[in-house]
Amino acid sequence: MLSTVKCMVMRDLTLAMRHRSDVLTTVFFFIIVVSLFPLGVGPDAALLKEMAAGVVWVAALLASMLSLTRLFADDYNDGTLEQLMMVPQPLSLIVLGKVLAHWIISGLPLVLMSPLLGLQFGLEGDELIMLMVTLLIGTPVLSLLGAIGAALTLGLRGGGVLVSLLVLPLYIPVLIFGAGAVTASAAGMGADGHLSLMGAILLLALVLAPWASAAALRISVE
Amino acid sequence: MFNLFKYSSPASFYPLAGRLAVGFGIASVILLVIGLYMSFFVAPTDYKQGEGYRIMFIHVPAAWMSMWIYVVMACFAAAGMIWNTRLSSMMASSLAPTGAMFTFVALWTGALWGKPMWGAWWVWDARLTSELILLFLYVGFMALESAIDDPRRAARASGLLALVGVINVPIIYYSVQWWNTLHQGSSIKVVDGGIEASMSEIMLWTLLVMTFACWFYAVAVSLSRVRSTILERESDAVWVKALLKERKA
Amino acid sequence: MDKALLEINELECVRGDKQLFSDLSFSLQAGSLLHVHGPNGSGKTTLLRAIAGLVLPENGEICWNGETTGKQKDDFNRELLYLGHHYGLKFELTGYENLKVFANLSGADINEHEVEAALTKFGLAHCVELPVKVLSQGQKRRVALARLLLQRSKLWILDEPFVALDAAAVELLLGVIKAHVADGGMVILTTHQEVAIDAGQLQHLHLGQQPLDRQQAGSMPSASVTEPH
């Protein structure tokens, strides 16, 4: 079981390493979106500090979604996806491996970049750590839920726009708890409640999303 | 007893749906007339909100129906996936536009109600926000369905999306509640609580009549919608050709 | 006579709202080859994909060893190798890496020598360490076909396997197929090319035909199975 997941993760990481520019595109998109906000609302330090968590989180949602369309599309186009559906392993494990690789490529870099962006918005100390922690728990959920949308829209015209329509509403709880935790800790309240709820969402997504994506893939590949 | 499996085939469901649609349509019109009369002339003026509260009689049923239809839609979608019955998927997709319409009505009347009550067309109240997200879910469902050309894939994919959505609805709802209590503006909470506490019995009855009017309307409209879907999807079938010939003659 | 391993019962497949075939039944036993014939659009590929479990049939069932394939997916997939129109290869990976991924996922542990032997057999000895994208169409097809030798699957489903192959490679593939069938394997294939296939117990399936002696039942697409012996 673990070896299946590991095999898929290694495969997708190898592929990503041979296409390194794709990884960088996602990170730079994230940085650009975050940097646009001060330009839009003005450089008022107090206002920016208050908005910081929300802005970074919304940008993370958009960045992670942007890279979703390619999650299954390449494998679908060259026929490896249908071959993967016929190996004697549960398809949900294969999906889990692919999602994990997607997170390492497009979610983890966002987590690592977030303290820098937080600094730009005047966050400090504990708030920066909290921002990183929430993104660390939250971005895997984004990849997991996003996989369902990517699988459903596989091979459709305008799939990229459609996937955002399907997936963004599902991202709302993660956004609320993620940004809420940072705000709460900045206000001196505990963020334990937020974090444990996010953990619960992560567990639920980990159990249900690969299964749902596998079902969606079977529908789409037909 | 009513044999469910006999009516799970489109050919035998088509005439039944026609009769049911007419029945529910008539019932809905009658209830609507009674309900509107009660809303405007029987229900007393609210001591706190004056006449403006009467919009509740359309707002609340619309909001209830919008959520209920999503649940029913997901049940049909689940049935369609489990038993691979085409009719269930058709029912799910013909419910979606009605559900979206009720969601929209709930939002619209909510805004109209909010202006005199809260002094703003839109406030980020937990219920309104959840309703808005529900509208997004409906739109996503319909967008996915219309983006897929193959009707079989469209039905199965949108069905799966409805199931994913229905698991998420409670999570979204509670997270929005949580978010709202954290960022609460003090003026918001009073209104809804106030009206429920002060609701007289006649208001409750009016609300109930209007709810059933909306419910029957939803049933009638989605049944007649499923009839045209059946004709479209089964246009090659022998019974549809016979039906069309009969109509022409 | 041996027990049939693969049984197709009253299979019906649709594309969009159009029925491709219905009431299709046949069975296949170890050591036999099924050649599926039919014009374009008659549902050959859909039939092969339905047997492989990629397409959900509208009606009917597909049984392997007496049990529906859907209920024993992993066991059935272990016995199955489907090669379709796509190569099913990652162009950025080398031939070895490509084959290794599928071998790992199939639970078979293969080493570089075996992969090299398989590729050499298909005339690709020098291509083990090259990314697939630099190979020609025919060479790519051969890398994909090398899986036939590496995964010891019993049932091969080959959709147009001779496309893009040169005469020598066609001969080679025919030899591989014959050896597999003689060894008790089963092969289902389609091809538009004129190749002399004759191996084991040969069966022909004709899809999308309108037999002259059947004029009732409207314009139902039909199928027929023949066993010349």
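Which chain is which? They are A, B and C, in the order written, and residues in each are numbered from 1.
We adopt the following convention: contacts are C-beta pairs under 8 Å (C-beta built on N, C-alpha and C of every residue); 3 or more make two chains touch, one makes a residue touch a chain.
Predicted, not measured: the structure shown is a model, and the values here were computed from it.
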(request) Count the C-beta pairs in contact for A-B and for B-C, then report the pair with the higher count. (result) A-B
(request) Tell me, please, which chain's centre (mean of its C-alpha atoms) is farthest from the centre of chain B? (result) C
(request) Can you figure out the chain closest to the middle, judged by Cα centres? (result) A
(message) Using Cα averages as centroids, what's the distance between chain A and chain C in whole Å?
(response) 38
(request) Just give me the whole-number Å value for how far the CA centre of chain A lies from that of chain B. (result) 32
(message) Could you work out how far the Cα centre of chain B sits from that of chain C, in whole Å?
(response) 48
(request) Going through chain A residue by residue, note those that touch at least 2 other chains and give them in order. (result) 222
(request) Enumerate the residues of chain C that touch no fewer than two other chains. (result) 56
(message) Help me check something: in the complex, which residues belonging to chain B touch chain A?
(response) 133, 136-137, 139-140, 143-144, 147-148, 153, 156-157, 160-161, 163-165, 167-168, 171-172, 175-176, 178-179, 182
(request) Name, in rising order, each residue of chain C that touches chain B in their complex. (result) 14-19, 56, 218
(message) Per the contact definition, I'd like the list of chain B residues that touch chain C in the complex.
(response) 84, 149-152, 233-236, 238
(request) Would you mind writing out the residues of chain C in touch with chain A in their complex? (result) 49, 52-56, 73-75, 77-78, 80, 82, 84-93, 97, 101-102, 104-107
(request) Could you pull out which chain A residues touch chain B in their complex? (result) 148, 152-153, 156-159, 162, 165-166, 168-170, 172-173, 176-177, 180, 183-184, 197, 201, 204, 208, 212, 215-216, 219-220, 222
